[in-house]
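One structure is given below, encoded as structure tokens.
Chain naming follows the written order as A, B, C and D, and within any one chain the residues start at number 1.
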């Protein structure tokens, strides 16, 4: 399979999963104006999830530019990764429904999904990069090593934020938002050679 | 990233968001015939939103033809823009549910979303066009300037229509529909060189 | 705009609208086995709608192969056409919910949507074909004329089936199914040069 | 029609159907933590369905690489196949809702859908492969014969698992999961030349 078709399929799942998130946004009870204002946890959950999928989409491209060929194991790791990405509307809905009540279970489930996503994403990369198994011959080893180095802190950040949500749902959600913003800013400042 | 993949992804979000709008259309209570007829606010909200996304899709292409390359800041402004586009089924549902009651809050939230969409779209363009930062070398400066000039009245029209919905929900919705029709007619008459 | 991007966008709406139809399929009340069996109107509505969109998708390609260029009026007629295609999950749900009760209003609304779809599709074609306005210079006039001739009976068939649903919902639905099967069989037998 | 457009459309339906599955996942009643844990039948049904569609997607590509041209009959068999693929979120929801109660009807309906999917997929292939009707001239006959041989056991496995669900819902679901895992492992070990 050419990587192009794999990228198109992955992009499709990213776009659909991100766009389906809106089906989980609901007005709160009460008057229309009141219900719209008090739906803020839905908006926050929507924005964090959409942005996170957007960041993955942007980075997915950088990663795939280094890949020269794919094998079936790689394809199925990618299917598992997409399974977690496509799962994200569910914890987003749970977070939106339970954030006002401060449910730590809801915030933990949300973080767990994104930690799992980071782990699958890392697994996808390291399977391809180990011994340059699927890396394109003309890919620059410094870029390959740079991508490898960037995966560990990403997973660790999500894991820590997830654990912190057991202390406080709001702390966890604030950290999820901070991680997303960190990636947007860091990537905009230092990653201009798209 | 080639602009082609960015366009494909954006087109995907446009298509999905527009097609998801139908999930927000529901029959009104009563007999089947009565419920179908009295669901007219759902149909109106569906048509205005679908048409508006369709106009954005048509114009998005004209805009992207001027873009020669992208950087990460541009990618993330585009993600923010798509986040607002993908959000539109929610205010569409709110508008459909509340229009018969004349809820100004529902009409205002609807307009606010489209004003925000216009603002993000403008931000996307002016980031690329400022000093021809991302403009293709062979793009005609008159077309670039023409696109720049067209953004201001667009955002102003949406802003004014949104404010007018605070006076009357029906006035606001009539203006949203008028803006969409204006773009279709103006674009068909004067913008034939697609 | 190249017709390729227009086709991709249209294909996306076809695929999404057809796939969303399943969200309108629900079990009937009672035990699981009973509820699955008695959901047959949902299955019938799903199958007819999916097949109809599938037929449109297959034919859309034949039509677009004759098109050499597009203008903005054509783009907006296509947006209107896609608006009706994307609308189809709603009457499909209404039909599924009301067919067991024999609701003629539900069957009529369903047929009306597909008649409107045929009308928009015809409008799209005749706008392009009139005086060969947008027809590719190397398109065979016999094929162009053949497509033009095929539109009239199609719209008439849908219109008559829709009117017949006012006599009996079941008659109408039987005719909608018959039209879809007619197209599949006719097209398979006589239209092999895809 | 070029096979490329057919593949893109099919990939779109695969991606949308797989991503829509998440809309069928719901928390169980009770506290947030309890409801998340006891939703395990939803997670299991989601994972099996997503993985199965993922396997079909991977294999669909291998199959289509052998296809040199398409005719309308082939297109409509593909539409029927996609109709079954797009149907899968419905039995997935039924399975998730009824698995904890051990409903054999729910597990049977689930298996029936996947058996039908395998049958349509086989029909698609054998229509193309019979007398090499649509097979590309440069396709290796050993690969073509190998694909033909692989269809029969696949359909038989799904059929047997479906029948076994009439004895026990859990047995059936365990077999559906085992089939999916079998394909992933077998394909990763022996099918590396993607």
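Simple rule for what comes next: a contact is a pair of C-beta atoms (placed from the backbone, for glycine too) under 8 Å apart; a residue touches a chain by one contact, two chains touch by 3 or more.
Just so it is clear, the structure is predicted and the values come from calculations on it, not from any experiment.
Peer 1: For the two copies chain D and chain A, is the contact made of the same residues on each side, with over half of the numbers shared, or of different residues?
Peer 2: Both copies touch with mostly different residues.
Peer 1: Name the chain whose C-alpha centroid is farthest from the C-alpha centroid of chain C.
Peer 2: Looking at centroid distances, A is the chain farthest away.
Peer 1: With centres defined as the mean C-alpha position, give me the chain A-chain C separation in Å.
Peer 2: Comparing mean C-alpha positions, chain C is 37 Å from chain A.
Peer 1: Could you state the distance in Å from the CA-based centre of chain B to that of chain C?
Peer 2: 26
Peer 1: Hunt down the residues of chain C that sit against at least two other chains at once, touch-wise.
Peer 2: If we look for residues of chain C contacting two or more partner chains, we find 8, 12, 16, 20, 23.
Peer 1: Please give all chain pairs that are in touch with each other.
Peer 2: Those chain pairs satisfying the definition are A-B, A-D, B-C, C-D.
Peer 1: Note which residues of chain C are touching chain B in the complex, please.
Peer 2: Its residues touching chain B are 1, 5, 8-9, 12-13, 16-17, 20, 23, 70-73, 75-76, 79, 82-83, 86-90, 94, 98, 103, 105-106, 109.
Peer 1: Could you please specify the touching residues of chain A with respect to chain B in the complex?
Peer 2: Residues in contact with chain B: 7-8, 11-12, 14-16, 18-23, 25, 27, 31-33, 36, 46-47, 50-51, 54-55, 57-58, 61, 184, 187-188, 191-192, 194.
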